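Two complexes are shown next, each including chain A; its partner changes from chain B in the first to chain C in the second.
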Partner chain A sequence: MNPILECYGLTKSYNKMYNALDNLNLTLDRGQIIGLLGPNGSGKTTFIKLINDVLVPTQGEIRINGMAPGVDTKKIVSYLPERTYLDESMKVKEIITYFSDFYENFSTERAYRMLEDLQIDINSRLKVLSKGTKEKVQLILVMSRDADLYVLDEPIGGVDPAARDYILSTILNNYNEDAAILISTHLIQDIENILDRVLFIKQGQLVLNATVDEIRTEQGKSVDALFREVFRC
Partner chain B sequence: MPWDLDNNRPIYIQLMERIRLDIVSGVYRPGDRLPSVRELALQAAVNPNTMQKALSELERSGIVYSKRTSGRMITEDEAMLRQLKTELAQEHIRSFLEKMDKLGFSKEEILALTQEQLKEVE
Partner chain C sequence: MLGKLIKYDLKSLNRFLPVMHFFILLSAIFIRFFITGRIKPQMSGGQTDFLLMLSFVLYFMMITALSTGTYLISGIRFYRNLFSDEGYLTKTLPVTNGAHLLSKTIAGSIWAIINILILYLCSYIVIWTPYIKEVATENKDDILTEFGFVGEYANLSLPGMLAVLILFSCLGAVSSIIMIYASVALGQLFSNHRVLGAVVSYFVISTVISVLMLAAMMLFGHEMRFIVTADTVVNDFNLIAYFIEVVNISMVFEIICTVILYIMTYCIMNKKINLI
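Showing the complex of A and B:
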């Protein structure tokens, strides 16, 4: 099968002074769980927004399943943004209906099963839920789609460790060899074992693209330890 | 409960060690079917491709084998299982000897101390 994501000279600048993303060349195959890692302001979210057509490249191009970002790629990309975009006055069950209307590949059954597992009341309005519970609801929405590419911007930052374990097992459960999952996070140690590959981004440039076990074999240290070394302040 | 893995060594090697130990210690019996890659990956809380690699390596060593329709089975070759058990024991003994050496004990002293300890266990 063709790669799920290709970038050629992908560049984004918000002003003339510097590039938030600088000449990124990258090909990602399906069937992988990929960690997108870098310090604050390194360009992770810019990259994610470009994949999701929220931003337009200044230079270069990006291809998802061979297509430029747009309506057709949004059908196959399931995106968890760093901030919520949902109408907070809606009830959880209304949002589920909304999503199943909106996306052909949304599984209502899967969403309800996960909501039940995490004991989230479907009759609650979003605005009365805690920050962590809101994040869980959003992740459930995103993981309930049968997408080709899942893009998760900090999916576990705001939830407690027990829910984190559940979320990681949800991601593993959802893994299939035709899809890829791209996860940006600072909690490297928590997700290291479920990753195939990691990408290190530094000042808008890709400085490392390797599998977790390549790093451990060659460097004799964890991805977390290598990150602390590469990005030492 | 996710498997207890350490941070510095390749994950697939640690998965191989764990499954080997489970075979030697009788969690899986000779001729048993191993759980699927997905099940094992979920149990261990690791990436399925990493688990796949660990199982392929175990298959190369002959300790497990693929049956076309029913997944991976544990070998029934008793001699091979005995040898595996011996190898694991040797690894433990080697690392024990290294530690004793670091503590400054001679071979004779290690032997005497070990025999003493064995008597106490009895």
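Showing the complex of A and C:
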């Protein structure tokens, strides 16, 4: 089976002076939950946007299941951006219909079940929901797909700790060994226990690619402690 | 997938445009019953002129607001759906950029054409009062002569010419929608001032097209010779002949420009779009 994600010399610059992502080479296999970690402005979101074809690389290439980003990769990648990307005038149930119309691997039943668990009214318009509830709705939409790669940019940043636990268990329960989950977050302590692998990105370059077990056994540290050490200001 | 995209694009436009057009239709009926419908043969010239002037100004304001609103809303939906935060969902749907552009062009064009048809319907309601109809019927021959339905053009039918005019207007409406989309797409290339870039692009594109159009008209010898000044009185001018010539040249020119702008928009969407 193809690796789920491959990058070769991937570079993105927004202007000629500075590369947000600089010559990134990386291969990620399926069946793991990967933490994409780095300080603000390190290139995490740029990397995620390149995976999802919302940015055009300046140089290099990116492959998802052996394919360049396009229609076929969008069928198998489920993306949660760090912003509200839904039409706020729509009702929650209309958004569910929208997703099921466009994504063949979307499970309406799973989405309704999770909405019920989190007591979100499906007849509410998105614009009347709180920021945290909107984030929950988006995460439910993304995790209701049977995707090969889930790309979650700050999935728990704006929600309360109780909902955070539910979301993390949702992530764990909804993915299978043929899929991979890439999570970008600052809340390392909260997600450390569910991660299999971590990627540290600093100034657009990959500075660490290791499993959580390797970090714990070889360095004798938690991921959070190592992160604070590597990125000390 | 294209069908689904069109369904959702129409749905988002349908939130505003039917209400606006219904209101304009109501306003036209209002003008007809309270202004133009009250013009009677026995009224003095001053009163008639005042009512005509008032209805003309009101009607002009109405159609300008409606057309501007229709194009503006289509352009804003295009921008918001593809290039703002919503673009993060739209761009990650398993659909090609070409399908997105085609869907939005079809949805925008449908409303632009509805807009044109409603404007013609409003014109009919406002202008075609029993009194005007009576005057027009009585002076039909003079009016036809004045418009140039004489000689080789005597056999042309007025309804036929109106149909051509409506078709030409509809083509212009589709062309305007694509020009707005092209401007929005071009604006995305100005990474720090995308909205301003779109507005500037619109004015640049429309100016360039106008200048090229004028040049094409002059090239074919159809410059604005209907303008009659104190010094130049044109006696052989035939409005309908001029209309046919202008429509023929403009239609070809407009189709060429629209195709170029559509391809340009597609290329920008495919190769140059970076959502920030």
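Here is the rule we go by: the second predicted complex is superposed on the first by the 233 of 233 C-alpha atoms of A that agree within 3 Å, B and C clash if a C-alpha of one lies under 4 Å from a C-alpha of the other, contacts with A are read in each partner's own complex, and residues count from 1 in each chain.
Methods note: contacts are C-beta pairs under 8 Å (C-beta built on N, C-alpha and C of every residue); 3 or more make two chains touch, one makes a residue touch a chain.
None of the values given here were measured: they were computed from a predicted structure.
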Room on chain A for both chain B and chain C (clash or fit): fit
Which superposed partner A:F102 touches (first chain B, second chain C, both, neither): second
Chain B versus chain C as contact partner of A:S222, first or second or both or neither: first
Which superposed partner A:Y8 touches (first chain B, second chain C, both, neither): neither
Touching partner for A:V54 - first (chain B), second (chain C), both, neither: second
Chain B versus chain C as contact partner of A:P81, first or second or both or neither: second
Chain A-centred angle between chain C and chain B, computed on Cα centres after superposition, in steps of 10 °: 160
Partner chain in contact with A:N193 - chain B first, chain C second, else both or neither: first
First, second, both or neither for A:D72, with chain B first and chain C second: second
Which of chain B and chain C A:F231 touches, first, second, both or neither: neither
Which superposed partner A:L168 touches (first chain B, second chain C, both, neither): first
Chain B and chain C, minimum CA distance [Å, superposed model]: 28
Chain B contact footprint on chain A (complex, rising order): 31-33, 165, 168-169, 172-173, 175, 189, 192-196, 212-213, 216-217, 220-222, 224-225
Chain A contact footprint on chain C (complex, rising order): 1, 4, 8, 12, 15, 81, 85-89, 91-96, 191, 271-275
Complex interface listing, chain B residues touching chain A: 2, 5, 7-12, 38, 41-42, 44-50, 53
Contact footprint of chain C on chain A as seen in their complex: 14, 49, 52-56, 71-72, 74-75, 77, 79, 81, 83-87, 89, 98, 101-103
